[in-house]
Amino acid sequence: MYRFVHVLCLVLMAAFLGGCSAGESNVAQGNRDGILHFGNGSEPQGLDPHVVTGVPESKIIDALFEGLTRKNPWTLEPEPGAAASWEFSDDRRVITFHMQPEGRWSNGDPVTAHDFVWSWRRALDPAMGNLYAYMLYPVENAEAYATGKIDDPALVGVRALDDMTLEVTLNAPTPYFLQLMDHYSSYAVHRETVERFGKATDRFTRWTRVGNIVTNGPFQLQNWELNRRIVVERNPHYWDNDAVYLNGIVFYPTENIVSEERMFRVHQLHYTADVPLNKIPAYRKMADTPFVEAPYLGTYFYLLNTERPPLDDVRVRKALSLAVDREALTRNVLYGSNNPAYAITPPGTLGYQPPQLFTHDPEEARRLLAEAGYPGGDGWPGLELIYNTSESHRKIAVALQQMWKDALNITVTLSNQEWKVYLDSVSQMNFQVARRGWIGDYVDPNNFLDLYITDGGNNNTGFSDPVYDELILQRAPRAATQEARFALFHEAETRLMEQMPILPIYTYASKHLVHPSVKGLPPNLMDFVNVKYIHLEDVPLTEFELE
Amino acid sequence: MWRFIAGRLLQAIPVILAVITVTFFLVRVAPGGPFDSEKAVIPEVKAALEAQYRLDLPLGQQYLAYLQDLARGELGPSFKYPGRSVNELIAAGLPATAELGAYALLVAVVLGGLAGVVASLKPNSAQDYIPMSVAMIGICMPTFLLGPLLVLVFGIHLEWLPVAGWGDIPGDKILPSLTLGAAYAAYIARLSRAGMLEVMSQDYIRTARAKGLPEWQVVTRHALRGGLIPVVAFLGPAFAGLLAGSFVVETIFQIPGLGRFYVQAAFNRDYTMILGTTVFLSTLIVLFNLLSDILAAWLNPRLRAQYGEA
Amino acid sequence: MTSANLTDTAQVEQGTSLWKDAWRRLRKNRLALFGLAVLTVFIALALLTPWIAPYAYDAQNLDLGASPPSAAHWLGTDIFGRDLLTQILYGGRISLAVGFVATAVALVIGVTWGAIAGYVGGRVDAVMMRLVDILYALPFMIFIVLLMVVFGRNLLLLFLAIGAVEWLTMARIMRGQVQSLRQQEFVEAAVSLGLSPATIVRRHLVPNALGPIIVYTTLTIPSVMLLEAFLSFLGLGVQPPATSWGLLISYGAETMEEYPWLLIFPGAALTLTLFALNFLGDGLRDALDVRGSGD
Amino acid sequence: MPLLSVRDLQVDFTTRNGRITAVNRIGFNVEPGQITAIIGESGSGKSVACYSLLGLLPTPPASIESGSAVFDGRDLLQMSERELREIRGRDIAMIFQDPMTCLNPYMTVGNQLVEPLIYHRKVTRAQARERALELLAEVGLRDPQATIDQYPHQFSGGMRQRVMIAMALINEPRLLIADEPTTALDVTIQAQILELIAELQRKRNIGVIFISHDLSVVADIADDIVVMEKGHVVERGDRQAIFQAAEHPYTQKLLAAIPAGSKPPADAVREDLIQVRNLCTWFPQGRGAEPLRAVDDVSFTVQRGEVLGLVGESGSGKSTIGRSLLRLVPVTSGEVLFDGTDVTGLAGAGLKQMRRRMQMIFQDPYASLNPRMSVYDTLAEPLLLHGIATRKTVEQGVLQLMDDVGLARAFVRKYPHEFSGGQRQRIAIGRALATRPEFVVADEPVSALDVTIQAQILELMLELGREYGLTMLFVSHDLAVVRHIADRILVLYKGRVVEQGTGDALFNAPQEDYTRQLLQAIPGRGLL
């Protein structure tokens, strides 16, 4: 018996030792071969620019495809992409794009204006079911076509004057329109390829698979293993191929951020999609830390259902908001990784500064609550706060729950809901207070402020103010200058925060671990990665010591 | 024997059908649809999508249509991953999960069986208490805790083993298998200990001793077989459990397995995917229960005879 | 056989009732007593918590944050600066309640179901066990989400949900037991006395199947406690600031590197309970096994 | 000089109930080529004594306090485990009581058979197998070639015991210890096995220790007899001495216990209480297969107040008849008239009524009592169920029953495991009588008991039979026992009645061969 035991122990030990990773780490290998190992958060739904939504998808699609323009990762200013140059008409309603003379698809075909015309029509076609169709709404008749009011795609304001010239007509001057040109919903797809595998508007075809897909970006798809990795390699036909440093990128669906951080720590990743909150302090302490954080174009806030008591009373809404010590929250619960927010729009979007009408003021909060008829919390009917299941949402909710109790002596019950249930409750406005976050699709206050127009699809608060609607929908678009426009936005946002249908909490921050060997991957407001600028330096790998 | 197997398989059909039906309607009752997203969906778009997935048909028709597809082995297109069929997704996820499950089971049987047998040889001694105590911890140690702990020790501090991945770096399959196998190893340890104690008190063990066989031969030749039969009977449910429960381990170690798909599907209301995986898993459960029964019969001549005639 | 004969001669002539007898033997089993003691203490603590807890269970101190054990906070504090000892005490109330009540539910359903299926046998048995198979195969998460939505969220529901899941295995074990027991002559004797099946199951079968059931029960309670954590995480069950050991452990697991104490202490509480239960369970099984005392 | 000589051997046990001396300074010799029988009822320590010699007692709880056991010059008790192992199965072999449980159900008999040979003699598997085949043939297994690769469950009890014997003899030991080798077997088989052992012993001229509770079993084969009681040797001598001139009262008691003589013939013929007509009870053998015809077209009657004996070896269907009458197994066809009403048709209240009037006493007093119910509960249950006693009077009723079956009232709160086999059987009888039945089926009620106890129980049953005016169907494989208690006897063979008549009639003028076999098989007939 015992002999038996011994033998087995030996076998197991052997298995362990044999298993020990003697091999060279991903990062070392990558630095040598110019391959970037990229933590991408999760498995992409797919790679069809007109079908998918979501950040992980965008990272891969941005590597494979290229829109008319492509942002500079430092300035976020549009730089030539599929279009070499463009000019605006005097009324700034018509934009003419001149295509890259050397623009090529990965199979060698030229990239023409017709490709974009066809692709945009595809993107807008209702049958396509493209959730991001609205990104093209500034284009003339785009909305009408996407919502089936007209069914002649020719009426949509995008034409190819010739192979190399694309003319886009807008409903109204849209300052941020160029930014939309590197959002994947405005990308071009390769017509023959798409049609070889099915109808243009078919969601189920295999055209995006390895071997089938044809793209016009700096990289082309090499390998796609579900839930394991997606590998893209240099696209030799890319017009600006010489400017591209990387030979390839490996995207990992790192769902579990704890293990993602650990993979980074043992040099299995160059870049992580996120960083566990509680790891931040340790990384901050590190000399030349790999931890990179930057304000992110998004706001974390609570929706207040203005149609349900007690929140139908603006004083109660204000009281709740004033009672929240955002400084303490961000400092202690979020480890100072985010900035307090006092309005819906993140500060510094292209120079726009949102109003700050209030600060943490328990006194005032108590006064307002008393005014509203709940002095010292007497007669408080109770309030329920819903949030979708997640560690960080829970932490914030727990903290605020206590702040409200301390400051206002009112009880707020928490209820976390499974994702889809939560979405259902929110869209049905079946809640009193609901956690919410909004990430900008493009850098412009409008992207946040038009959420709260009356009956806006993402309003979800019952907030309705004709003046506000007019400011956002009528006057701002027609503003002569950016300053005038921002002034109108400021006025609108002030009205919004006076009504307080939402309770802003903090401004998002992008948080990544970036290996010292990675250059040209700067943090920016859009958390935008421009793969063209990334290069790797073969620095010696050092241990990341967390104490 | 064959008659017995066939009979069991026939019994399974109504079970699986029932599972399909209940699941089909359960998922439809659950709030939130597959297309709900954080940003409001344009009604026209939603309509178009629902049309593409036959969701515009009355529920009854959808059900029948699904059964028809199923009869053809078609599990339908996935909602979450447009352009991928559920068959494809399962095919993609199964290998890793099956392999993981197999290794975990191996770990469970070898470690658990060994611990149990060793413990049973000297009941109520240190040789009994120590392995059994470890087993108890194994039972109460949730995988979401054990996994990260092992990674911390062997992956980060000792740097012996990779912290994640599956088949990418040599040795990256060890920790997941251990993590998943631990709990089952603990159960098997208890089972085999009980079984061995039972057998060791049998008369025929005394006969074996009377023959003058040395103790280790008495154990290996005479006791082990009978003592491990309860373990064998447990293997079927265990493996099914491993498959269904592997998702935690898969997410911890970034393993491209079925479990992740299954759970994601539930969260995403990916109707076809939920149904597909459920059908698949319940079929597996049935099969493995059958398998372990057959194995048990094979080990036990008396049962073998029964099934033989039945 | 030999030792049986021996004890016959050595039998001390005293009437001992099943439970008295069991208790007499349990008292001799040091481990079992230890288990009993631990459980009693924990239950007592749980009952007295509101009076003995050093802090209010939701009292936060954001600026203190997570701090290691100290004089002020014996077991340290979590990231909200809440006293961990207090958390564990209050968590224990819920965990113990969930553990025992849910297991009790599972026990009642499972034992009844299994006993009936095993005793009646034949077609009834087949149908009942198929039903168990079906429930086994259903996607648990969807099931839970539905419960959560349909009934809203409350602890009672949590008990039921968990019980509804855990009874299946219980039923299988019971069925196996009964099937082997009903072969025995004393059951035949009961039949020939004209007892009704219900009575036979209640008086003759269930008591004799206790052993394995007790053992499995002791294993179920802790796993139920962890399941509760999972459900709470999904949104069914306890909501912050209320907590449970399961939740404390799962939170602690996420910060095991930074704040180990947040994992160690709740973990210890659960493990201790588990061992206590296990020792007590094995002890009870041996103590209740009247045959064991003879042969 | 003796082959084995045991001197003041003492073995103690530590149990939950304290320390007890199982074997108290006993001594005896075993001469080569002689059979030494050790006789005593269960608990007398006879088995313990022998196991202790080979170190087969689990220590703890057992501990050998003193003594010596010299086997060709060496003291077994001083040997190390290793040395003992060398002796076990080579020089000293054993046969155990229950062949059903003593063979490994998971190994073919062949593999079990050759083990000792291969281990001790280091021969090849092939050679060993050859030897095994010869031996199997010698112990009378038909067609060893075919059966050697079968599993124990495919053998009958008798055949298994033959395999056990072969296994014991395969290394040509010089001492064979046979522990109640025939107690679990039918008389007919028992006779054969005794025959076999005696023969092999003679042929090989080896020493044998034959352990039994029944003097009559060894009456024909033993050379020397050692009588043990409560751990002491109370008498020792050669067969003659013991059977002719036993001195110790306990030995005399053992002799007296051997069932002999027959019941005085019943007086005038009484009316039939039970009429069984063309009873068939078949058991399905799985799909397609022929059903097992356990009871095949049996007809007989039982008169009020008589004891009808039912004799046959196991598998003859005798127990099934009893169970069929009581509706414990489904009847295939035929009818059973109880006091005019057909039992086979009954259900619900009618059946419950009938159950009150017909009761059963089972063979195994260990299995037939619910281990978790005290005597009180066991006896009270039927009383309350059938409204024979009320909550108030039930205690009286129970105590009355205790008196009737001769159990001290003090025991009423105790549990089955606290009683000896005989006492348990008394409880079982009490439970059967509790419903005041008119008819009782006794299924081998004494075959699991020591002879001495057996005699007492038989007495008790006769007594109670008279007292309660019982009609009884007494099922047994032991003709002697049946003759002792029954008015008429039915001989059963393969599910059919082959002969019937009064005990004397059968004994003095058996008509059928099978009946003669049964008679031949009765052990120690010479004594009767």
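Some observations on this one:
Here the chain labels run A, B, C and D in written order, and each chain numbers its own residues starting at 1.
Going forward, a residue touches a chain if its C-beta (ideal position, glycine included) is under 8 Å from a C-beta of that chain, and two chains touch if they have at least 3 such contacts.
This is a predicted model, so every value here is computed, not measured.
Here the chain at the heart of the structure, going by C-alpha means, is B. If you average the Cα atoms of chain A and of chain D, the two centres end up 85 Å apart.
Chain centres here are Cα means. That of chain B falls 49 Å from that of chain D.
Computed centre separation for the pair chain A/chain C is 46 angstrom, with centres defined by C-alpha atoms.
Measuring from the averaged C-alpha position of chain A to that of chain B gives a distance of 37 Å. For chain C, the set of residues that touch two or more other chains comprises 145, 149, 257.
Multi-chain contact residues of chain A (touching two or more other chains) are listed as 258, 418, 421.
Pairs of chains meeting the touch criterion are A-B, A-C, B-C, B-D, C-D. Within the complex formed with chain C, the chain B residues making contact are 11, 14-16, 18-19, 22-23, 26-27, 29-31, 133, 136-137, 139-140, 142, 144-145, 148-149, 152, 262-263, 266-267, 274, 277-278, 281-282, 285-286. For chain C in complex with chain A, the residues that touch the partner chain are 58-60, 62-63, 65, 79-80, 145, 148-149, 153, 233-235, 239-241, 251, 254-255, 257-259. Taken in their complex, chain D has these residues touching chain B: 54, 56, 84-90, 93-94, 96, 98, 101-107, 115-116, 119-120, 151, 153-154, 164, 167, 285-287, 289. Residues 30-33, 36-42, 44-49, 52, 77, 80-84, 89, 92-93, 110, 114, 117-118, 121, 148, 151, 155-156, 159-166, 169-174, 215-216, 219-220, 251-254, 256-257, 260-261, 267-269 of chain B are the ones that touch chain A when the two sit in their complex. Across the complex, chain C is touched by residues 13, 15-18, 20, 22, 42-45, 47-48, 51, 57, 61, 97, 230, 323, 326, 328, 351-352, 355-356, 358-360, 362-364, 367-374, 381-382, 385-386, 410-421, 428, 431, 435 of chain D.
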